[in-house]
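Across the two complexes that follow, chain A remains constant while its partner is chain B and subsequently chain C.
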Partner chain A sequence: MIRRRSPMPLMCMVAGLALSVIAGCSKDWPAFRHNMLRTAQQGRCSALADPTKAPNLAVRWTYPPTGALSPFRASPVVYKGRVFIGNANGRLYALDANTGTLLWQYPSAASPALTSQFTCNPSSMGIASSAAIARVNGVDAVIFGAPDRSIGSGLGEGRLFALNAATGAELWKSPVVARLSGTTFGSKTEFHEQIGYSSPLVFNDRVYIGVANHCDNPIQKGRVVAVHLSSGTIDTGFSYCSTGTCADSTRGGGVWSSVAGWSDSVYVTTGNVRAGQTFEPSPNHGLSMLRLNKSTGAVIWQFQPVPWVLDGDPDWNATVSYHAASCGAMIVSTQKDGWTHAVNVAPSGGTASKRWTFPPHITPFSPTDGTAHGDTRYMRSGAVWRDVYITLNGGLNLTSSGVTGGLRRLHAFNVCASDAERLRWLLDVPSTTPCAPGDTHCYRVGQPVVTRGMVYVGTDQGHVLAIADPSIWPAVGWRCSNPDILAANCVASGYSFVPEPTVLANVALPDGGRIVYSEPALARGKLFIATEGGHIYMLSP
Partner chain B sequence: MYVAWVYFVALIATIVCTTGACSMFDTRGVALLERPPDAQLKGSISRPDKPFVEGPPGTPYARSSFSATEGHYVIEVRDLLVAPAQQGISVEAMGAGVLEVRDGTGSVMIGNKTMAVSMGATFFVSEGDKIRIESRGGPMILRAHFFKNR
Partner chain C sequence: MWHYVRALVVPAVLIATSAEAQPAPDTRRFDEAVELKPATSFGEQTTLRGTGGTPKRVTLTIRNWIIQNRQRIPVFPEQGLLVIQIRAGSLTTIINGQRQDRGPDDFWTVPSGTTMAIETGEDSVILQVVSLREP
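And then the complex of A and B:
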């Protein structure tokens, strides 16, 4: 008698594995901030997560091996042994993850590069948007946004591309998603939209991307555009505009960040509205953290800590993280003014339900509370590990000493703790060279990522640091929670001691190029990072 | 039977993978970091660039933020920290001045007049005024801008 095995266990295993991949359990780094929640967390075990091995971190290959490309502002994504990244020269590169060998580039060397005629900051130079991996009609695809002079006005309007990840062959190209109808600075009759600061979110059968502008010259109406994953055509059922209606002439609320997604919603942050405008538009979704219906774009809740009257251009530039903590799910991000905010995923009576702000403060801010909210460069996204959120933040001395100190300092927050125990640890990232006279924003740290308590981050001096949460490796010491207070006076002054984590590795990359926009990608025990010196490096312990 | 066990172990491993250690939904939490006893507390090497310095008893922790002499005038900008453990501090205005609360809440008494203040509040003093400041619920930091004719 032949007994037929039930296919159920196999089906369960396949389903589980599929869920595992969907849920971000990837050993790879298939998206900006690793996954659709934008947690910047590599959950799999590897040598990078081992504090005893991290000190051995060293460069294993460099691309290009000789010479240099233009600066990299995009971050690498890694999938099935390939590294994908766009460059300011307008080309996307696919490299062998083990050797750094070039597999293909798009467009080919013989074809025009993907560049814009309107260039004013790093987000408008070639391909600044990080790519994302997806399955398109059964094919592994790499999807990215870039300007393209072969469409529309011919000036470099922004669109999305889907390429075969194995060959670089085109699968589809979207219609224009970011309009560029002229290059006259300040023109209010031309569209000056761009997508360089937003990485595509692949979420179910849609791809979402945020639309901002070219250097506020002038500000444009912020939008999120969704296209169909299978074809790249615009999903006309989804519509989000930051001010007024999508058809009116109001401006502002540029989406300078990447969209995050989970369940029935997508999450986004928006930029300034007041620049060059006399009246506040209605509605005004600028300078906000937003939860949107993923199918329609309708606003489910809005958290706007800085009201119109205080809008000094603190664009909310950092991408949000969906933080599924032990005390509940929250959306966390740091605004450009140096304040970090956590908002419950679930609304309260239809409005946003704030969980906490650091440094602690009542929101919305008011004109009489003494706070200032300008373009003070807290633009980096944070990383999520269990109940810990690692980010740049203005710190407990934000209002008393100004905003610049926190730009070289990493904060880790206990997201579920009370305000008194919010700060988990504090680290002044080591600097190797003095700041130039008058450089008030020196010294800058890039976007942290984390794997099992090991934090990796680049710096504007071209270093990669490995930092251990004190729960996995002893702290180097304890310091006052307010960076302006001497340890001897800390408790008496009304503050508390917090640990300073140990920097287990501090690797100077050969080109010394800044790493403030690009994030490290952690995949299968390897760290991939790109610099403004025009190189991609692979490091491993 | 053996095959069934293989399936079972694989399934469990997959479930663990999807729900725990390697999922982005890692809701296990993490313990807060406990401060060691004072005797074992090792200070870090980090030092503030411009620390507040303890003054005589009854005075605030202070630091100079800006100081200049121009013609007949002395301009002194000082940051004052009033700790909650201090039962109020006293400052004598070294010149005509404006004080602004940069952090915290508390009360200020100038002469016989007492006012509650919080972050963002500003008030004016005359040279020689005796100012008594108490913090409430935590440290309070003020920035004092004094102007004095030399």
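And then the complex of A and C:
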């Protein structure tokens, strides 16, 4: 391997000036996916962005230093030297970013934890939603969503909290935003809403959060709720519901993802509609990527690649990224069925204007095209860097081979290129476990984040990987763009060779806990990661 | 078609090695039956030759079946020799009294004339079914 002298210092000085004008460009990591655009990109220079230093990545502190907490499904956010993260035990922790020392926790140890009586998947265990940092009435605040048995039905209805980031003191608590009126599985007379898969978006003097279901028991009506940033009261002027009207009994379109925001709009993805429902509601905004008016919630455009008739439960679970690419702004995300879609921010004649789909395919999909659209667990959000989008994807063999192969593979896409040049690189992520027969939750790779071409991601074996885009560090080799095709047959079969990037660091965290929900947070040269083993780690090169 | 060839071999091994008796189903967890409507992506007749070289006319179809969550299907309504792959979700099959949990990408075969029951759990399932039967 050729060792190159790092060009980082000069590049950083120039790029830092440009990045400083982009909204949300923080050397901290103040929100899930870093910012309101949900780019998962740390644009500031640090050792984490330097491929010559990344191999030195190592654990510097662990919290708790002895023992373990319950599993972490939320991701850490980092602001002004503090780390904030909620745990499945129903408590939010504030730690010193330099030492891992506990500064405060909420609720206090003497108070009841924030948990729900209805639990059916990891999103309903304690605090699964990542927090967000905001300025509330002149005070730095940490905002998060959680179930709370002290309100409403007493079962653990979902609400938002704003705490003083320095002290943990309550600034406000919202009314109920996710209703839970009973715990009978399958009941259609009870509300089973929850917010565990959606992290708050602080934007437009409001806090937006998506409302989904406790599993599909049964599916609920998907909604986005906005509260006023200053008080936590519901903004009644904003209303979005995924099916029918907000008042009718239609169901579906749960918002299992976090809302993104920019300019006059917010962007969101929605879940399935057909499960347990014998007719298609009208309108049906389920299984869609949507642009909504940020003040009213009105739909500006809707992109629905999977029509009702093909709805086999491919909830659109990954959060969108607003990708301000050189060829124009687009919204990018991977649906649960393994297809990644990019849609122009600007509508075309009032409707969504698709830019591309990978694997390339005409949308909407058709019942006769042989494609299948179901719960195949492509649920992780992607990361944006320059004109590159890094994500999990079913791959070019998605329709011809199995659906689970891509769950252990990272794809990087050139978002502005032609379909033929779309795939930038492909990596079979090491330190992941093959999907066993019958494994219905084959989560193997976590949510990638990126800093200046260095990609960081967790794995189900509890490893943190540092992967270098081939433009900043030589690739280890080339491979066929279709994972099923041997190199000798690649070009003859109509495919091309793409780089396989170098894994510069592969750090096994001590507890071995899975890192498939939580994203790494990159702040001021430090990487913060939480595991299902119940630990938070700080690593640095 | 290579993966269909693989499909004929791999499931036979799986069926032979992994079928185990399972606990009785909890019928309380099933919802009212939802009508099944497959999407057909291929359906043609062709001629195959048997071991004696005798030509035999057969119908080959490829269909995707979306099965909602919390469903119990006593008789899966496909006929002929079936090669089945799960394209999404997970389920339990009961074939000749043998219960088997299966997940994404699993393949198996169902001989012609054999009844297969299906139970789904909390998530919907998509089956891709290749069937070979007499016209």
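Simple rule for what comes next: the second predicted complex is superposed on the first by the 507 of 541 C-alpha atoms of A that agree within 3 Å, B and C clash if a C-alpha of one lies under 4 Å from a C-alpha of the other, contacts with A are read in each partner's own complex, and residues count from 1 in each chain.
Everything that follows uses one rule, which is that contacts are C-beta pairs under 8 Å (C-beta built on N, C-alpha and C of every residue); 3 or more make two chains touch, one makes a residue touch a chain.
No experiment lies behind these values; they were computed from the predicted model shown.
With both structures placed on the common chain, the touch criterion links A:312 to chain C but leaves chain B unconnected. Once the two complexes are laid over each other on the shared chain, residue contacts for A:340 go to neither chain B nor chain C. Residue contacts after overlaying the shared chain place A:272 against chain C, while chain B stays out of touching range. When the shared chain is aligned, no partner comes close enough to touch A:89: not chain B, not chain C. After superposition on the shared chain, chain A has more residues touched by B, the comparison being chain B against chain C. In the superposition on chain A, A:302 makes contact with neither chain B nor chain C. When the two structures are aligned on the shared chain, A:183 is found in touch with neither chain B nor chain C. In the superposed model, A:370 lies in contact with both chain B and chain C. Residue contacts after overlaying the shared chain place A:400 against chain B and chain C alike. Residues 368-370, 400-401 of chain A are contacted both by chain B in one complex and by chain C in the other. On the chain A side of its complex with chain C, the touching residues are 120, 185-186, 215-217, 272, 274-276, 278, 309-314, 337, 367-370, 372-377, 400-404, 435-440, 442. For chain B in complex with chain A, the residues that touch the partner chain are 3-4, 7-8, 10-11, 14-15, 17-18, 21-33, 35-36, 41-54, 61, 63, 79, 81, 83-85, 100-103, 118-121, 135, 138-139, 141, 143.
Only residues 5, 9-10, 12-13, 16-17, 19-20, 23-25, 34-35, 37, 39, 41, 43-45, 324-327, 361, 366, 368-371, 384-388, 399-401, 405, 414, 416-417, 421, 424-425, 428, 470-471, 475-479, 482-487, 489, 492-500 of chain A touch chain B when the two sit together in their complex. Those residues of chain C that touch chain A in the complex are listed here as 3, 14, 18, 29, 31, 34-35, 37, 39-42, 62, 64, 66, 68-70, 85, 87-90, 101-106, 121-126, 128.
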